[in-house]
Amino acid sequence: MSQPLIDLKNITKSFDGTVVLDDLNLAVAENTFVTLLGPSGCGKTTTLRIIGGFETADQGQVIFDGEDISKLPPNKRQLNTVFQKYALFSHMNIAENIAFGLKIKGKSKSYIQDKIKYALKLVNLDGYENRSVSSLSGGQQQRIAIARAIVNEPRVLLLDEPLGALDLKLRQDMQYELIRLKNELGITFIYVTHDQEEALTMSDTIVVMNQGYIQQMGTPEQIYNEPENAFVADFIGESNIVPGIMIRDELVEIFGARFACVDKGFGNNKPVDVVIRPEDIDLVDPSAGTLTGVCTHLIFKGVHYEMEVTTPDGFEWLVHSTDLCPVGQEVGIHVDPFDIQIMNKPASEDEEAVGINE
Amino acid sequence: MSKKILAAPYLLWMAGFIIIPLALIVYYGLTDKNGAFTIANVASIGTPEHVKALWLSLWLSLVSTAICLVLAYPLAMILRNRGIGRGSFIVFIFILPMWMNFLLRTMAWQTLLEKNGVINGILSLLHLPTQSLINTAGAIILGMVYNFLPFMVLPIYNVLCKIDDDTINAARDLGANSVQTLLRIWFPLSVPGVISGITMVFVPALTTFVISNLLGGSKILLIGNVIEQEFTRGSNWHLGSGLSLVLMVFILISMAVIAKYDKNGEGSAF
Amino acid sequence: MSRLRRFLKRTWQDFYLVLIMIFLYAPIATMMVLSFNSSKSRTQWGGFTLRWYTDMFASRNIMAALHNTLLIALLSALISTIIGVAACIAINSMKTVPRAIVMGITNIPMLNADIVTGISLMLAFIAFGISLGFQTILIAHITFNIPYVILSVMPKLKQTSRSTYEAAMDLGAGPVYAFFKVVFPDILPGVLSGFLLAFTMSLDDFIITHFTKGAGINTLSTLIYSEVRRGIRPSMYALSTVIFLTVLALLIFTNFVPRRKSEK
């Protein structure tokens, strides 16, 4: 990778004695869509605010394009923010809101006019120049907040849960809108959310955070298919996390049954955690199953059925399938080798702390 | 529907003790002792003595309003940014002095300002020339600022508290420095509180007769003193009412300004 | 921003806050000191005494004025709270236009000059044939207190959702029962602060009382005003000190004790 555009080095931040970020390192490449994903209180918003300059890290540096900007106030940073509740200026109309940053920079009137027109077109709100902020819906206000930020031609756009206040349908529309904007503008987006689906849909890179640590960083596919620990597996999508024993390379034993897999290098007869996504479990005839169990729960979800299959050891397997298995019926469980994801057990207390809390 | 009946005592009360009394002032102000219509009472504001009192009142109240604003705005800013107690504590600090009687509080300034008073005592300790402070226009302004400062601080503080931190952050984010943020975001968004504060200081300052009585000696007459004397000593209620009507013009202007700039009652003090 | 600059800014702000506090409380401190001054002069310290405190209790007209002041403050705050809360409920269910008119009238006594309110009430009492005395002071105080109650209660009432009231009705409560069990607890903080504000305003009022009191009756304010020319008895300082410290103690108690409870 060439020199990253933003490089956070050893960032530590605490509020009132509570450590929110602990020695965090994160590099963001130019022209990527990076999502900071995690439950509330994981430090994702604090990270964003440190990049934006609204918080100062207790320790560590923020490097922007090779320069240390840790001590620069927000108004001197070449990046712009879209705030959670939009933070539009209610005493100005839409055009004045968008023009704010440009006027501060002393741009010419005609330049500003052109930019307003361009930005409104970009967010599909042409002709809204003279409307008041309060006359706009939540989704429209959000677009204006984005327009207000991008007219300043920032190299990085920071977005703090910008879709959080919108309803489902609008949120989905805005997701596509944001992807389109990013591609048209060719700038870096750093996006904060707690919504895993949003993160999977939009990102080039996802950074999963919990309790001030980065749990895993990778493409959406990597995060979803190859979670590195139980927290990531549990937080991204639904999954069955079961204890297993790695008999040898490419063979794992779960509840006494042996499954072929594709993972190597965990050693022989080592305890591991095994992640199997509900949609990767095939329900087969009991005689053909690696494990057998009884269906104890069945809900129709539209796209598929959601079932719970209880195996004799008492574990309830979550299964998503278009095949129906009535409650009470015995059924076999089969999993293809490449659908099994092996993870190391947490080795120390420290790693345990980054696991699931609930 | 039955809920509307609950407003009846209030509406009757307001009609009987607000609307009718104000109508009576208009009636008295526009009639002479025999009940005949006249504008002489109102026109008497034009006599040199009254013009002088009115000008002095306007001047002193404008100056003290300006001083209150200059003192209160940074104060409200500091209190808001420190997030002190969010509401109750700050109201507490500014309401508390009201429990010490208004007259006594003002009288206490006599003690502080007098020729042999506390302030001059401190000055002479420091070998500085003593000042004549009491019975001056300056003493009246001080009394006004002292008594009415809370009415400027509270509405501004309340309106500043309603401004979201992220609105300020957004301005900074878009490149505005502290001064630009102050001028383009803080000031315009706090206009309702400022306007409400200005009227809440200006109106009582313009019409006071007590502060001028206590701190200005008997030489300085404000329009409030003139009206008060018409009612308590001169007994020309028609003249007093006529002059009150003149005052009410200023009050009505203030109300109109409030209605224009503070439509949602955002700038209310309490 | 560098640490030094932030430190300087904070220090400067603290300095400013302290100056304002001195400005607000210096006269009050002065009065408290004078209440222990054995010299009658306001500018000379003649030694420590508690004489003014014993004098105060012995003085019949101070005690009568105190009695009137407290009674009027209490009654006017109570009555204006009842009328005000009832009015709020009704106003809240009004349509936009009548509501705006009523709220406009409510603002009149708050924005109007005290001297005009006082004079207008005096003219009205005389026109109605009500003799000036205790009852006229009380009516006048209720009049200027109601708006404070309404302005305190109204925002709280707007915050309470209609649905809780409707839910109570749905569960079989009558309107009155539903109000007192469901809505009233929600608006209680507003009602209490309205009451307290009304009580304070009544206690501190001089101008309106001055015009509506008639002869032969005094509140503390009017008694003090009548003594201004002759020189104020130090017992007045003593009395004010007692009132001030009582209120301070009460407010500290009510402000800090329940907070701990609600933080559970």
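Letters A, B and C mark the chains as written, and numbering starts fresh at 1 in each.
To be clear about the criterion, a residue touches a chain if its C-beta (ideal position, glycine included) is under 8 Å from a C-beta of that chain, and two chains touch if they have at least 3 such contacts.
Model, not experiment: these values are computed from the prediction.
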item: Chains touching both subunit A and subunit C, listed by label; value: B
item: Chain pair with the higher count of C-beta pairs in contact (A-B, B-C); value: B-C
item: Centre-of-Cα separation between subunit B and subunit A, whole angstrom; value: 55
item: Gap in Å, rounded to a whole number, between the CA centres of subunit C and subunit B; value: 17
item: Subunit A residues counted as touching two or more neighbouring chains; value: 73
item: Subunit A residues within the subunit B interface of the complex; value: 52-54, 73-75, 80-81, 83-85, 87-91, 100-101, 104-105, 148-149, 152
item: Footprint of subunit B on subunit C - complex, ascending; value: 13, 16-17, 20-21, 23-28, 30-31, 34, 42-44, 83-84, 86-87, 89-91, 93-94, 102, 105-109, 111-117, 119-124, 127, 139-140, 142-143, 146, 148, 151-152, 175, 193, 197, 200-201, 203-207, 211, 220-221, 224-225, 228, 232, 236-237, 240, 243-244, 247-248, 251, 255
item: Residue ranges of subunit B in contact with subunit C within the complex; value: 2-7, 9-11, 13-14, 16-22, 24-25, 28, 71, 74-75, 78, 82, 88-89, 92-112, 114, 116-118, 146, 149, 199-200, 203-204, 206-210, 213-214, 224, 227-228, 231, 237, 240-241, 244, 247-248, 251, 254-255, 258, 268, 270
item: Touch list for subunit B against partner subunit A, complex; value: 164, 166-167, 169-177, 180, 184-185, 188-189, 191
